[in-house]
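Right after this note come the structures.
In the two assemblies presented below, subunit A is common to both, partnered first by subunit B and then by subunit C.
After this line comes the complex of A and B, so read on.
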C-alpha cells in the first residue's frame, strides 16, 4: 500500500488541465477558427477594426452575461435581465425629464441627474430583490420566477412610456455617459464592460465568494450541510446581476437619449446563449466568465459573417440555432470522451 | 398444519448471489408452504433484500434455483416474476391518486375493443376480491381520498386479483398507525384463508409473533433456520438466531476518563422522534444504535440544526442556533448519511472539497487562500491515507472508502469539537473501515467528542464507550460498553422488546 503513495511534489507536476480549463480553451479555439473561416469566406472580414467591433458592438450582452454566468454556475437562471435593461433605462429618463412638458410623454419628475440615475438603479435592484425573494424564501424554481419578473420589468417600462418612448425634455448632461469616448475612440460602456470582466474573473478565480458560487451550484444540499448560507449567497448574485442590468439600461438610455420600453428585447436569451456556448453548465457548478466571453465572440462572428455573406437578416436566428446546437453537442461529447 | 405431501408455494434451492468481494446470499435453501404467512428476519445486511430481489426478478442469482408451485421459477425481470404469480408490495405505493379504486384495480388489465375501453367480467372479479379482503372500501371512490393504509390494501387487492399466489410484503407497517396495523393484519389473515401465501419481512418482532406461521432466519447471507413460530421460545431464541452467539467484540476501554458534559439534549420531538433526552461528555465516543427508521439520522440532523424540532439542545452551555452554519460555528460538524448526495461535491476535486466547512480560515480580506487549500489537501491525503495519484482527482472517481475519507477530511478541517458521523462506514471496504475507526479513536484521544449513528451493532460495540439504543423514535436505553454487554438484550430493545432485566 505504501508504495502507492505519491509524494506531493510529483502529484503537483502531473496536474492536468482541469475540465474547466479544457472547455474554456476549446471554446476559445473554436472562436478563433470560426473567425478565420469567416475571414476566408467573407470579403473584408479579416480587419482589425472588425475584430474590435465584434467585442464593442456586444458590450451590453457581454456585460449581462457576467451576472447570468455567475447565477448559472450557482444553479439558477436569470431571465429578467433584458426586461430590467428596459426598466432601468425608462426610469432614468422619466425621473430626469423636467416637469411641465407639452404632453405626458415629455413630462417627467424633474429629479437632478444623479438622483434620477440612483432611482433607476434602485428600480433595477428591486427586480433583483424580487427574484431573490421568490427563489430563496419561497423556493420557486428560478426559471419561473425570472420569467415572471422579466415581464414585470418590461411591463412597468411599458406603463411608464405608454408603450412607446420618452426622449424629450431631458437635461443637457443626459447623453454624456453613453457617448463619452476614452482613449480616442473607445466608448465608456465598452471600458466599463472591460473592467467588469476583469473584476468578474478576479471574483471567480481568486475570491472566496467565487468558490462559494461553485459549491452552491455543484451540490446545494452538501453546501447547506457544510454550513454555507446558500440563500444569502444567491440573493447577492441576483442583486449583482440586477445591478449590471441597471447599469446597462442607464448607459443605453443615455447613448440614445431615450427611454424605450422595447430596449433589451431578447437580451436575456442572448446572454443565456453566450453563457451556454461558453461552456457554462445549465445544471450549475461548472463554467467560467472567460468561457462566456468567447461564447459571445462565437455568436458575434456567426451573426456578422452571415450579414457579410449577404444572407438576409431573416436567416440570423437559424444560424444562431445551428451554432448553439453544434457548440453544445461538441462540448458534451468532448467532456464525455475526456472523462471516459 | 401443512402436510409434507403438499407442493410448496415457493421452493428455494442453494440460491447464491455474489457481489464483488461479498457473498450476499450464500447457498440458501428453504421451502414456503402454501397458504401460510412466512416471515423473513435478520439483521441489516443479513441478505433479506438480496434474496427478495432474486425472487422478484430484480436480480439474477449467481447460482441455485427456485420453483413456484413445483414449476421452475427463473425470472429475468420483475414482469416474469409477476407472470409466475409472485407479487410485491413495495414500501412506496404504486397507486394512481386521480383514478377510482376500481380503475386502479384494473389498471393495465383493461379490456379493449377498437381502442375503446369496455366493461368486462374482470371488473366484477376485482371488486369481489376487494370485498373479500376489505369490504369497507368503496370501489367507486377516488384513491386520493383513501388513507395510506387503505391504499396499501388496494394494492394488495390488485395483487391478489391478478392471480398472485405469493405476495411479498417488505416492512408494510412502517407508515401505519397501530389501528391500521391491526386492519392490515386482518386483511393478511383473510388472504391466507383464500389460499394466498404471504412472505412477510419486518424488523418488528412482535408483528412476527402475532402474524406469522413460520419464520426463516438469515444471518450473514446464510440460512440459519426455518421453523414454525409456535416452536420458537419467544424473542430471546429468535434474537439469538438472528445475531448468533458471537458478536465480534474488540472494544478496548480508552485510558482517559470522559470529561464534563459537553452536549445536552432534552425532549427532542419531531415527526419521528419522541421525547429524546441524553448527555454527551467531552472526549467520549458515543453510539446511537437502532434499526432502519429508528430515528438515528433525525437525532444527528437535529443536533446539527439541519432539521427543526421541539425540545432543546445545549452545546457548551449555549443553545445551538437554527442552521447548520450556526452549528458549525459552535464547533459541531456532520458527516451525513448519504455521502454522494449530501457530503461530497462529486464533480469537484479532492482539493476543492476539503476547505468548504471552514470558510473563515480560507479567506483573507475576501481573497480565497489557494495556498492553504493546496496544503490542506496534501496534508489530509497523507494523514487519512486517501488512495489517489493526485489531489486534483475528481471525487466522483474515488472508491466509496476514499470518498468517505474526503468527507471526513472536510469535517476535520472545520476543527469541530463534536463530530457527528451518520453511518460512517456504509458501503466502505473492510480496509478503509478499520482506518476510519482508527481515525475516530485518535480524535477522541485528542479530547474531541464523537457521536456515531449506526445500524451496525458490530460497529458500535467495536468503538463506542457508551451506546444509546433507539426504537421507533424513542431512546430506549443508554448502556456503557464493556465485556458484560448483553447483545441479545440490545437486539431485544431495538426491535421493540421491553427490558427484561436491569442493564449493567
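After this line comes the complex of A and C, so read on.
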C-alpha cells in the first residue's frame, strides 16, 4: 500500500519528461487539436477513411522523413532524397525494360526483374555514398553537397528518360510491388512504411547506433574524443537514407508502372518540413522519429483541410511556410520557458 | 613566404579568369556550323554575345550581393522565389497602366521588403539562415503563384489588358553598345559592389562578420545590422533580376526564378568564396556567372537540354569540393 502511495511521486521526481519527450508530446497534441479544428471547419473531414488517408497518402514522404530525421539529428542535411527517388525509379524501369523496343525510350537493358531492382538500389546507394564521400572525406557542408547530388541524381534520371518518362515494354510483374494489397485494403508501401517506422523507433531508442547518432549531433568533438568514429557513422546514415529513397523510388515506379524523371520533385523539401514540424533541430542532437511522424500528420491535416476549404492549391506553399515558422518559434519559446 | 605559395596564391586569385578564357576559346574554336543557335557558326558572333549577356542579366545582377552575404557567413535560399515574386509584381504593375519608372521603383521596394523579412527572421527571430530562407522561399513562391489567376500560367496580355510597348525594351532592346539596360544595370551594380567591398565599410564588416563573428562583435561592429543590410541588398538585387527576366520574357512568370538560388550558390562557390564565410570577391563571382552562362548556353547547342541538370549538379559538387580544399589548405599554412 505504502509503496503504491509513494511511488507516483518519486517517479515523477526522478522521471521528469525529457525536453525531447516534451516536444514530441507537444507536437502530437498540436496534431490532434488541428485535426479536431479541421473537423469542425471542414465538412466531411471527421471520417475514419479520411484519418486513414492522412497517413496512407503520405507514405513516401514519411518513409523519406526517417532517413532525413536521423541525419538531421546527427547534424547533417539530406536534400538529395527527392532526386534519388526519381533516379531509383527510372533505373528500375530502364534496367527491366526488354531490349529491342520501337524507339529509344521503349528499349531497356532487359535485366530480369530482381536484378533490375537490385541495380536501382545500387544506383540510389551510390548517390548516398557520394554524399558521404563529400561530407565526411572532403568536409564540404552537407547542404551544398546534397543540393549538388539532388541535381546529379535527378539529372541522371533525366538523361536516362530524355527528360520525360519510360513506361512501355515492361515485364508483367513490374507493377506488382507497388500495387500489392495486404490485410484487405492496405497497400504494401504503407505496410513497409509502418515497419520502417517501428524499426526506426527501436533503433533510435534501444540500439547503440541510434544513441550514437544523438551524441554525434549534440557534440561532435566530444563524440570524437570518446572514441566514436564520426565519419563512419555519418556514412552509414547517408547510406541508410539513400536506401530508403531507393526503396520509395522503386515502389513508386512500380505503382505507376513508369519511370518519370520528375517524380519525387520537392519531396526532399517536404521531408525536411515534416521533420522540422516534428521538433527535429537542425543544429543536431535533438529530435525523434515519432515527432517527425506527428509533424507529417500536422502537414497532412493542414494541406488537406485547405483543399477541403476549396483554397487554390497554390496556398500550400504559404501554409507550409507559416506552419514551419510557427512550429519553430513555438518550440523554441516552450523550451526556453520550461528550462527557465 | 615561398615561391610555391606565391604561385598558388596567384592561381587562386586568377584561375577563374583563365577558366573563362579557355572556355570561350574552346567554344569559339569549335566548328559549330551545324548548330542553328550560333549564327554564322561562331560563338563569338556579336548577336550571340549580346544574347548570352541579356539572358544572363538576372544572375549577373544577383551574384554581387549574394557574394557579400556569403562572405559574411549567411545564405539566402529564397532569392529565386523573391525574383519570381518581383517579376510577377512588375508585370502586374505594367499591365495595369503604371508607367516604367514608378513600376520599377515599386518593384525594387518590394525587393527591399522581401529582403527585410529575411533579415528580420534571421537577425531578430534568430532562426537559422537555411531554415528562415527556406520558409520565405515557400512563402514568396506561394504569394507569386496566388497573384497569378487560376487557369493562367503567368501575368501577360489578355482579358482587355495589354502589356505596354515599353515593357520588354528594358531587358531586350539595345540601350548602349547594343546591350539592353538590364545588362548595364547588372554591370553598374557589380561595379558599385566591387568598390564597396574594396573601399567601403560594409565590405570589411561583412568579411569580419564571416571570418569571426565574436571578434567582429567585440570590436564594435554591429553584426546584426550588417547582416540585415546584406539581406536587404540581396532582396533588391533579386527584384532587379525579376524585372530583367520578366522584361526579357514579356510576362510575369511565377516560376521564372525557380532554381536561381542554386545557380547563385554555384557561381559564388565557383568564384572561390568560402561557404563558411570570411573570404570571397564580387568580381570573381561575376566571372563565375559568365562561365556558367557560357557553359549552359554553349552546351545547349551541342548536347540535348535534358543533360543540363546533371552538368550543373556535377559542377556544383566540383566547385564546392575544390574551393573547400583550397581554402582549407590556405588556412593550415
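Everything below uses one rule, namely that the second predicted complex is superposed on the first by the 327 of 340 C-alpha atoms of A that agree within 3 Å, B and C clash if a C-alpha of one lies under 4 Å from a C-alpha of the other, contacts with A are read in each partner's own complex, and residues count from 1 in each chain.
Here is the rule we go by: a residue touches a chain if its C-beta (ideal position, glycine included) is under 8 Å from a C-beta of that chain, and two chains touch if they have at least 3 such contacts.
These numbers come from a predicted model, not from an experiment.
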Open item on the list: Under the superposition described at the top, does placing subunit B and subunit C together on subunit A give a clash or a fit?
Closed with: fit
TODO: May I ask you to decide whether A:276 touches subunit B, subunit C, both, or neither, giving the answer as first, second, both or neither?
DONE: second
- [ ] Measure off the angle at the C-alpha centre of subunit A toward the C-alpha centres of subunit B and subunit C in the combined model, and quote it in steps of 10°.
- [x] 70
Task: Partner chain in contact with A:181 - subunit B first, subunit C second, else both or neither - done: neither
Task: First, second, both or neither for A:104, with subunit B first and subunit C second - done: neither
Open item on the list: Let me test your reading of the model: by the given contact rule, A:223 touches which partner, first (subunit B), second (subunit C), both or neither?
Closed with: first
Task: Winner by number of subunit A residues touched, once subunit B and subunit C are compared - done: C
Open item on the list: So in the superposed three-chain picture, is A:162 touching just subunit B, just subunit C, both, or none of them (first/second/both/neither)?
Closed with: second
Task: Which of subunit B and subunit C A:317 touches, first, second, both or neither - done: second
Open item on the list: According to the stated criteria, A:49 is in contact with first (subunit B), second (subunit C), both, or neither; which is it?
Closed with: neither
TODO: Have a look at where A:140 lands relative to subunit B and subunit C in the superposition and call it first, second, both or neither.
DONE: second
Task: After fitting on chain A: smallest Cα gap, subunit B-subunit C, Å - done: 6
Task: Shared contact residues on subunit A - subunit B and subunit C - done: none
Open item on the list: Looking at the complex, which residues from subunit A come into contact with subunit B?
Closed with: 1, 4-6, 8, 11, 14-16, 18-19, 206-212, 214-215, 218-219, 221-229, 285-286, 339
- [ ] Name, in rising order, each residue of subunit A that touches subunit C in their complex.
- [x] 77, 130, 134, 138-141, 143-145, 147-156, 158-159, 161-163, 261, 269, 272, 276, 282-283, 312, 314-322, 324-325, 328-329
TODO: Mind listing the subunit C positions that touch subunit A in their complex?
DONE: 121, 125, 127-128, 130-131, 134-139, 141-143, 145-146, 150, 262, 265, 269, 275-276, 304-314, 316-317, 320-321, 324-325, 328
Task: Contact set on subunit B toward subunit A in their complex - done: 304, 306, 323-325, 327-329, 334, 336, 341-349, 352, 356-357, 359, 362-363, 366-368, 370, 378, 381-382, 385, 387, 389-392, 394, 410, 414
